[in-house]
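As written, the chain order gives the labels A, B, C, D and E, with residue 1 at the start of each chain.
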């Protein structure tokens, strides 16, 4: 609350600074009429002053907020009775939590001892002091910044360039977040993976034919054997992805062709967004649908045909995943088909080719690299898809390519390993991170290849 | 209605100083369009268009144009930008069908057959009336496949060697054979602009069409490539009937036997090329030829 | 090195029949480019370019061009497509800075100040050297805001009424005031092509530049709009220095006092417009003017 | 000349011989395409029908009309109207009294329990709220529609077959008899289920609502939006308008494109490791969820924003630069406003993606039983898709209906968002 | 900021019960409703034992008793005083779809059908990889149906309990194996507790409801889950009798159904009095209206403890008596 107030005041000050900056710049050249004598527009002098006023103060505020907690905490602790002070760190935390609850007027447990009440009062007063201090410090910083910025103004001063370079650094900062995200991903899975490979040889992990990670996590438990061969997971993942692709590629591609080449504009106007609804449906819904509607349906029909269908058949998960991917393929294909220049169509039609001949012999071959790139992207999406397989695919790592059997996937294993028991020294939990790393690498390679292909293709027509 | 006559001059408000400065088309009676000046018929007509109107949606893009295209002649269509040259040309093999909002009225015949007859099939029509476009547009396939594309889809050949022959012959006719005979498997898009355009011409003649339509075939080419293509057009005239749209009067003068001058959707004047350029009969044609605008 | 001289003719393989047919640029000594023919200096130069080379990546697009642009004159730059007219023009207000791979060597001065000086700020430079582009490109804002944009960002006015005056004056100079004065709040993109181009000119002159560069300003316009803009250029010459690129020799002849002929990145010939068109001194110029190519 | 004529004649003849066949192929191809579209649409239809078919009934709630006597001696024996007393009073006794009065014949202890069970546990809370709001009710009598237990709800909605043998169904014969009596007296009615829309999670299906999850989703989305929109737009502007082409920007680009396709669960791993374990942020908080989803949606927004920026024709930039605007002014005065609709479209699509995301949130503890409706982005919360995931796991039959209904609501939000994006795109689509 | 709500983690089996209590607690007191995450018993204990402090949970649910190894782990992280609360019983049922034939199993059948290694069917005291493909092969009295069992993964307490009660129960019926218990406890456990990994036993995750749905659609499959799920879905699935006893409320409550196990939760004493509401939550859980014979937990399918045991635990809770494991 107090910080909100502070920020509001700060914003007000910045507005004032802006105004003062504008005024000063105008005054220096003898009123608004002399603006031509300035290097930049008056508003840039305003922004410049406002930045000087606001930026240091905001940085200070940020520091203050992040440090305030621990400083106050230390102060409170030093005032607590000896006995409490010597408690281990963790318990001290609980006491502090209690004091904070008390001070904030939250409900607390049990009777309030006088020391606690006193500490809470102390806490409150410290908090007040801190806020007061922060007001003073930050506002004086703002005012100091303001006057500095104000002083710097002169007609030759390149205010626009300064303001723009601050802005530009801001933009640059934002664009690097992607790098940090990737770095974060790699770091958050890498260390655990390294520990994992310390216990399980990487060759066994990559080439092992058996996956049975649910090993005992306590000495007095008997789990499964603890085999960490990732091949069955990958075969399962790829099997499901393959089924998904077999569903999504023909339907998606043909839909795209039909909608962009044949359909009347009216039909397209309705069919396209309707089809794209599929892309917006959350995967948890697909999972629900796969587990409760599609899987039983396939089972029952398989039964009628005398087939032995597992109730978490790869087919069911793959089919539903395929449905999910249809719009992905169709809109990507749509893009690349539309990127084939009209002149290609004209050339083919001009020779007397029929529409389908034009599509099959000219447009598709020309768009092929783009479509292949799109399919690769879709494959990487299928490999990484989680909720559908968590809800509809199996858990047992069968090494099979029979779509009627149950297989498991990399993502399913990550979820089961991490949502279940967690023992951060056991290869069982660490395996989840190794799988995460593997998944990241595989999709990375697929994506890089796919993006290359797509980009190269796009360039060809630009 | 679309002509620049004094009675519509109020709308376009010609600037006062302009006439004196000699910039603007002189707006007098001689610039009114009342039907086409000159002889629209050809000696031995291959295609005949009569009273053709073309609309894009509600917009009239071609207004009552009649014109014959004679056998073994090159007819050039010139006129300022947007006057409907391309539109008219594309009517001749129904390429305008591909534009949803485009509607064609009137009669266009190829050898006595109305090509806008509902019973008529565009596929064989376009095999008979081929087209070469402004920007060279080879398929991103091999040179061989580019040329073989037409014969293949139309099933014109029954054996590989027959196809080879057609490809070779077409490339020969297009004057490209010597340049590409050793690299038929390379992709057509790797050729230079002028070569690409000749490849497109080879692709068109490979199906042995009767008429070839060319829409500014040289406008994307450099002078040397242009010269090469112009020479080719001159050679092809012996076998094919050619209609060419060009924005360059010089080019029209160089390659064509007859020239048609379009203005704002109307066919203003048509006649022997020599006559048109040396002795234009219509005021608008004269203005255009003498560079008063354009 | 880039000229079409006999010693390079082997590369481009001129077709045999061509020379005889009179199509191709005749390849003789008179077509070699050895420096610029004619007087590159102006009486009262506003901008002077000396030994300018421009590269796109490794490709040399402008090769050692020197040229003065004189006060209150219209200088036209003509030449076949791709010869570097636009590139040279865009050097004059450093618009080429926006193309990453573009590199400019040599010296270009505006009133004795080298505009490629590292200390020079492009913002005031471009306020002094305005530009009008091939395709009319009004901002999708109101007509008023279009014209007022420049004065606003440069802080040229201190009051609303002053700004109003500038807008009115600029629109008046651009000959657009009468047509738009009642609808200044309407969006600029709703105007016709010719009006849009004049709006862009108004926008440019609103910041009172010293030089105006125009890159094929009429190529997207119809004949009437073109005439209107040409007249305007003639009027603006009294106040501004104008450099115009055009693909139309007729236009160059109509609007300019001096003409510069570019060929494959080189400045072949420059001189009084009348002289160039009636009595070209260089073979290439002559070929171009007489329509041997282009 | 005659030879070429021959060949021409041959051309057209040859073309005509295969024409029928070619048109046959054309038709088949076209039909195949049409079939693909129809199949795709059929999938949409089947999914929607199956979910709506299962879920529509959750929007109705079965209630029972009871005569409630607000007996003062039960609620506030001292008569002092002390709020503490009123708050902790035994309101269910009032309901029990009423039920006993309705069925005086029920005597057996076990049967009594069954009888009390037909009214939801939540009914007492409703009475409590009424009395707390208006203590003067005490001593009066009122007829109130109180929610039925979920089993009764299922029975009345027809999900329980009354004809099978008693052992095979959850509602016993005697209970059915009571209900049938109530039905004949028209004391059972179906009402619009506001609890479902406004309530927090509950273990009692008839009291469970998506309100908490919706608020959780809302906070999460707000965090996501506040972070990802400015950052995404800024990054896109930098990359598209300012960045020089060099290795660094190439790296950034590859990264962004790649992140767009990184499995969402990997972002969950990142959130767990960085935000929770490293920065010590609380589990289950929308703040953390929002940050994870921000990282996940950023690439989408950046890519869409860049496309929007690319769509602004260079001529606009040239126009501005040509009159002497600086790069920054060009971008902020012209390019950004013109590309804003495209950016907003991309952002909405990114938000829709975030709204439907489940997997990464499982990793950061947003899968929890949380009843209280969160009041800030730091309170523990769950989100709509996770609520669906949780309910799908509940044993009570009535939750199946709730799950489907929650899916309907989620899809409703998503469709609205997507339609908004489409409208935005259509409305501001500019052809240059 | 400070935490003013209770944080509970742990067993998915106890989860439905804990959540009801939490909800009642939240609605009838001024305290906030506790936040409950279902992490599995093992996962819960792991989080629980990670340390004392606001960022760690206060309570963990477990569908089995805490193991001494876990107590040690807790202690090493400073979690010294733990209060154990036993809340009631849960039967582990083996059930199949109503549309299929009801099955009568013995624990020996279960062991033979699901163990990784079984005594050689040809006789003798050696063990072979489980050769049985159908139930009929296991026991001629059973239907001729493929063995397809959907059950929980080792993270779950249900699995632990199932292994200890059903599998080991069947395992012990082979004398030579029983004899091993004394000699080589580890080998004995290895035989009795190890479930086959050849696909006949399918680890179907912690989502018991999904197992029910899958059973309904797959009449050949048998599922393993808690009694409450059978109770709630009695119209869809039927429980198989084990050793002749059907899995009914009464049979589990009186202990005659052999595969039933107690449910627990564990409280960090250090947090009591610090995190608001823990004591009151405990009081609610151990009140008669919750876990009594007619309490609301019973409605949810939990089987209550006998009166006397309840009183004892209630007293323990009141006094916050600390757990002492006697091994």
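Please note the rule applied: contacts are C-beta pairs under 8 Å (C-beta built on N, C-alpha and C of every residue); 3 or more make two chains touch, one makes a residue touch a chain.
Which chain is which protein? Per UniProt: A = Phosphate transport system permease protein; B, C = Phosphate ABC transporter ATP-binding protein; D = Phosphate transport system permease protein PstA.
Being a predicted model, the structure only gives us computed values, none of them experimental.
Q: Report the most central chain, judged by the distance from each chain's C-alpha mean to the global C-alpha mean.
A: A
Q: Suppose chain centres are the mean of their C-alpha atoms. Which chain sits farthest from subunit A?
A: Ranked by distance of C-alpha centres from subunit A, the top chain is B.
Q: Max contacts between which two chains?
A: Summing C-beta contacts for every pairing gives the maximum at A-D.
Q: Between subunit B and subunit E, what is the gap in Å from one C-alpha centre to the other?
A: 85
Q: Measure off the straight-line distance from the CA centroid of subunit A to the CA centroid of subunit B, and report it in whole Å.
A: Inter-chain centre distance comes to 55 Å.
Q: Report, in whole Å, the distance between the mean C-alpha point of subunit D and the mean C-alpha point of subunit E.
A: Centre-to-centre distance between subunit D and subunit E: 32 Å.
Q: Taking each chain's centre as its mean C-alpha position, how far apart are subunit C and subunit D in Å?
A: Chain centres of subunit C and subunit D, defined by C-alpha means, are spaced 59 Å apart.
Q: Mind pulling the subunit A residues that touch 2 or more other chains?
A: Residue numbers touching two or more other chains: 160, 352, 354, 357, 390-391, 419.
Q: Among the residues of subunit D, which ones contact at least 2 other chains?
A: Those would be 15, 22, 326, 367, 392.
Q: Going by the contact rule already set, what residues in subunit C reach two or more other chains?
A: 123, 153-154
Q: Every touching chain pair, please?
A: The set of touching chain pairs is A-B, A-C, A-D, A-E, B-C, B-D, C-D, D-E.
Q: What part of subunit D is in contact with subunit A in the complex they form?
A: Per the stated touch rule, the residues are 15, 22-23, 25-26, 29-30, 32-37, 39-41, 43-44, 47, 50-51, 230-232, 234-235, 237-239, 242-243, 251-252, 254-259, 261-267, 269-270, 272-274, 295, 298-299, 302, 326-328, 352, 355-359, 362-363, 367, 385-386, 388-389, 392, 403, 407, 410-411, 414-415, 417-419, 422.
Q: Touching residues of subunit D toward subunit C in the complex: what are they?
A: 244-245, 313, 315-326, 329, 333-334, 338, 430
Q: Touching residues of subunit B toward subunit A in the complex: what are they?
A: 93, 95, 98, 100, 122-127, 130-131, 133, 135, 137-141, 149-150, 153-154, 189, 200, 203-204, 207
Q: Give the list of subunit D residues in touch with subunit E in this complex.
A: Touching subunit E: residues 88, 113, 117, 121, 125, 160-161, 164, 167-170, 200, 202-204, 280, 282-284, 365, 367-372, 378, 380, 392-397 of subunit D.
Q: Which residues, counting only subunit A, touch subunit B once they are in their complex?
A: Answer in residue numbers: 265, 341, 343-354, 357, 361-362, 365-366, 460.
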